[in-house]
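One structure, pasted below without further comment.
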Amino acid sequence: MDELFYREYILEHYRSPHNYGHLENPDISVEDDNPLCGDRIRVDLKVEDGRIADVRFEGKGCAISQASASMLTDVVKGMTLHDTLRLGKDEIMENLGADTLAAARIKCATLGLKVLKAAALRALERAAETEGQRP
Amino acid sequence: MDELFYREYILEHYRSPHNYGHLENPDISVEDDNPLCGDRIRVDLKVEDGRIADVRFEGKGCAISQASASMLTDVVKGMTLHDTLRLGKDEIMENLGADTLAAARIKCATLGLKVLKAAALRALERAAETEGQRP
Amino acid sequence: MIAGTPHYATDDKAERVRADFPILATRTSKGKPLVYLDSAATSQKPRTVIDAISHYYEDYNANIHRGVYEIAERATDAYEGARKRAAAFFNAASTEEIIFTRNATESINLVCYTWGFEQLHSGDGILLTRLEHHSNIVPWQLLAAKTGAELRFLELDEQGRVILDDLEEKLQGTKLVAITQVSNTLGTIVPLERIVPAAHAAGATVLVDGAQAAPHMRVDVRTLDVDFYAVSGHKMLAPTGIGILYGKRALLETMPPFLAGGDMIRRVAYDHATYNELPWKFEAGTSNIAGAIGLGAALEYLEGLDMTWVREHEVALTAYALERLDQVPHLHLYGPKRADERGGVAAFTMGDAHPHDLASILDAEGVCIRAGHHCTMPLHELLGLTATARASFYVYSTFADVDALIEALEKAARIFKL
Amino acid sequence: MIAGTPHYATDDKAERVRADFPILATRTSKGKPLVYLDSAATSQKPRTVIDAISHYYEDYNANIHRGVYEIAERATDAYEGARKRAAAFFNAASTEEIIFTRNATESINLVCYTWGFEQLHSGDGILLTRLEHHSNIVPWQLLAAKTGAELRFLELDEQGRVILDDLEEKLQGTKLVAITQVSNTLGTIVPLERIVPAAHAAGATVLVDGAQAAPHMRVDVRTLDVDFYAVSGHKMLAPTGIGILYGKRALLETMPPFLAGGDMIRRVAYDHATYNELPWKFEAGTSNIAGAIGLGAALEYLEGLDMTWVREHEVALTAYALERLDQVPHLHLYGPKRADERGGVAAFTMGDAHPHDLASILDAEGVCIRAGHHCTMPLHELLGLTATARASFYVYSTFADVDALIEALEKAARIFKL
């Protein structure tokens, strides 16, 4: 791993994460951790018309997991739930400005995405249920 | 191990063991086996004045264990119990006419000796007890 | 030996295979070439396996799963890569179904201690065959003694083949069928394709002891539909100290952990712990990392040989061995008469020459065979024997090895004046 | 670094030792020399150990204990020779007290499953320290959950040293004391010489987790008077997949077997079995033969180095590391302050730079450290941490390695703008 990987903006996101905190009455709230290193992230979503109207995250862990989650929240605000499900490792690495990362650290980098996708999936499920309940 | 090791007289002892069978009313009878290969030997002793007055053995197993036991009975007949306790691997190997033997086979070769010594020891113990009981 | 028979087709390749096994070029202390006919006890190792181990220690030795640095990543990838290869080799549904153990014995004990002690109760039947190795008898005896479960046995016919006539009957009340796929003594191949469906229909779970099958034939755990499958690496070109337990995921998931400690946990507090996901839940403490990497190399080598050829060669060689052994006076051979009904082992006795004496005389000729009960004491007792001599083959065994065996046996016969 | 200090006396030898370890001459993919500071996770292997393994596979690979032929004899002698060496190394009363296992984790579990489940009952105390590795916590949690025995803990002072003031009190009703000799996280050396006699006086049995002690200092099980002692080979220059359980013979003899199968039996019938003598009663199935032989070579190598020097060098190196780490701004070091009160591990945090980030940045410099909970999650929680960075040393570690560590940490501090 290149030392340059820890670019200034990554440390900025780590120390001053965007969209940090929680939403009042979120539609969805999902939390997960990476048992290998103890990193933990919670994501709150407000959903409107199949889009992420608002997002907050909270977490603790290494600079990579926290900065990556912070950058991700910027990216997904306003995105459709379906589009967030299409996000992958590549987009995360691009956000971080990294070519490669040790496998153990990739799990750090993608923890936020994992939680976000779980949240989006749950939102879609819930929408399908509501749909089914219509008369 | 040298093929020559299986000399004719060893096979003779194997097929026509000396002092084979059992004694009527032996003073001591001890049986043991070699769990690794299943060889088994029983030795009966008649003891008089601290000497082996008569000996028989019975057993099953490989040529080395059975021939070695057979030859041993010839050697110890008339010997004092104390002297039999001094017999060791070297005497056994000399009986067999062998310089070396694989460790696993040495256990075969010395099984008879092991049983005989156990019998001699028991005879000596018993003598000591009788001694102790004398008025 | 008739030149140009189909035998020789497979044998040419075996001759080439030999060059990959450094030990086969050595000589005994008496200067005799090594004729290794004890592969059922443990196999020899190809250069590629030996090198995989050295390479790990010389180049990227590190503990796995938690290291951030480069060699730790490489070690983790190699270890988990071996698991992927094993999953593919046995056609498991996923790597979660492949647990690394020390050997087949530990694999069977793992099932016994976790699934067995949870699932078996007083009166439940455990169905074995009369062929079983001690490792697939004694754990179930201990379990039976503690739980009140009872052992039952499928009997053998005069050729040592498993009698299936009363299978349905014996399956009544049977909760576990624990059977070998290939007997390490008689060579019998057990017809799993008949037993497994019947066992499942009767509601029993099936554990197969694959120690003697996995090295020698293509094993597809999903086609066989076995619930558990136990493997020893050292019998299939891999290092000592590494084995596999395959288990169906649905079963493994319900089982409590076996050994407890590092790596098998998810979270630990002083007063309680939660467990890791499959397969790591069953791998406590630092694994035999080099062993697993060596096993991966062994499976890769076997794939290169092609398991179809492995079995073809074994059948050809066994057929030749049976034919030649049959002609040795006073030699009595045990097990099925047809080579295609057996694995590459031939257990025999010869007149009143005790198997240990035979093995010693053969040793002097550089011919390595096993003598004793081969960890099937009860089967020997059933056959009225305490010991047999056993020659066994593998991918590097050749028709010439069989010839050397026969020649040495003829010498033994002369010594014993048979 | 002051030239001519006593440090350098031991360091000269360490520099020579390095030449015996092939991996230490390698470079990372970025071309950096390897600075391996993760020996508490697993040690590197000297040429002699790697060669002992290859030599076995290339020259005398065979299964042990039952083979009559020459290479089987040689393999048996080498395997049992390793046991003799281990008995001498730890000053056991006899080879019967040395059981080969996979690792320290299995050694502890063996005691838990056999001695533990037989001897511990509802309400019995199991006394641990707050330092324990998961491998010496989770087995006892499982036992406690099944038997109703209860876990107790010796607390730590602010330097992570074990508080003994309430030892007598906590020993009341304690049947088993299961403690580490050296903490793999804080480095704390636990005063066995005070705990063991008190435990025995209170009627308790003592198991010591020697995973981090055996590699680093002379361990004499008879002087320590411990009842059980668990060792991992891979942390003391030996291959992966081999460990030792030392147990006092009188205890081992009363214990039921653990894993069941080949080699651990004396006789087997279909319905019952009798067990082999010590130590084989506890070694079921084909052992990690190459692993044991490699362990023998490792112990021989360590004897050659002299365990007194090993410990001296560790103390000198640790003292130097503590001194230098202490000067790094924002770095917080955990554990005892005096080098002679600790083993060669240094766990630390640095400002708000997460240990994983530190390890990644150090990795780019070729410096291998561990980041995480080091399998002591509860201890980390007690310290209010989720992770630490840890550097650890062994016989091939040098003052130059410490310098490389400090330099890399200073770089990390610059990146993190600490």
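Order as written gives the chain letters A, B, C and D; numbering starts at 1 within each chain.
Following the convention adopted for this analysis, a contact is a pair of C-beta atoms (placed from the backbone, for glycine too) under 8 Å apart; a residue touches a chain by one contact, two chains touch by 3 or more.
What you see is a predicted model, and the numbers here were worked out from it, not measured in a lab.
Asks: Any chance you could check whether A-C or A-D wins on number of contacting C-beta pairs?
Replies: A-D
Asks: Please identify which chain has its centre, taken as the mean of its CA atoms, farthest from the centre of subunit C.
Replies: A
Asks: For subunit B versus subunit D, what separation do you get between their C-alpha means, in angstrom?
Replies: That pair's centroid distance is 48 Å.
Asks: How big is the gap, in whole Å, between where the Cα atoms of subunit A centre and where those of subunit D centre?
Replies: 40
Asks: For subunit A versus subunit B, what separation do you get between their C-alpha means, in angstrom?
Replies: 81
Asks: What parts of subunit D, by residue number, touch at least two of the other chains?
Replies: Counting only residues that touch two or more other chains, subunit D contributes 66-70, 72, 267, 356, 360, 363, 371-372.
Asks: Check each residue of subunit A and list the ones that touch at least two other chains.
Replies: Residues 36, 102, 104-105 of subunit A each touch two or more of the other chains.
Asks: Could you please write down every pair of chains that are in touch?
Replies: A-C, A-D, B-C, B-D, C-D
Asks: Subunit C touches which residues of subunit D in the complex?
Replies: Its residues touching subunit C are 22-23, 26, 28-29, 34, 38, 41-42, 44-45, 49-50, 53-54, 57-63, 66-72, 102-106, 108-109, 112-113, 130, 133-139, 141-142, 151, 153, 232, 234, 239-242, 257, 259-265, 267-273, 284-291, 356, 359-360, 362-363, 367-372, 375, 377-378, 381.
Asks: Can you tell me which positions in subunit B touch subunit D when the two form their complex?
Replies: 35-36, 102-105
Asks: Hey, which residues of subunit D end up touching subunit A in the complex?
Replies: 352-357, 360-361, 363-365, 371-373, 386-387, 411, 415-417
Asks: In the complex of these two chains, what residues of subunit C are touching subunit A?
Replies: 65-70, 72-73, 76-77, 266-267, 276
Asks: Looking at the complex, which residues from subunit B come into contact with subunit C?
Replies: On the subunit B side, the touching residues are 1-3, 5-6, 11, 15, 36-39, 60-64, 102, 104-105, 108.
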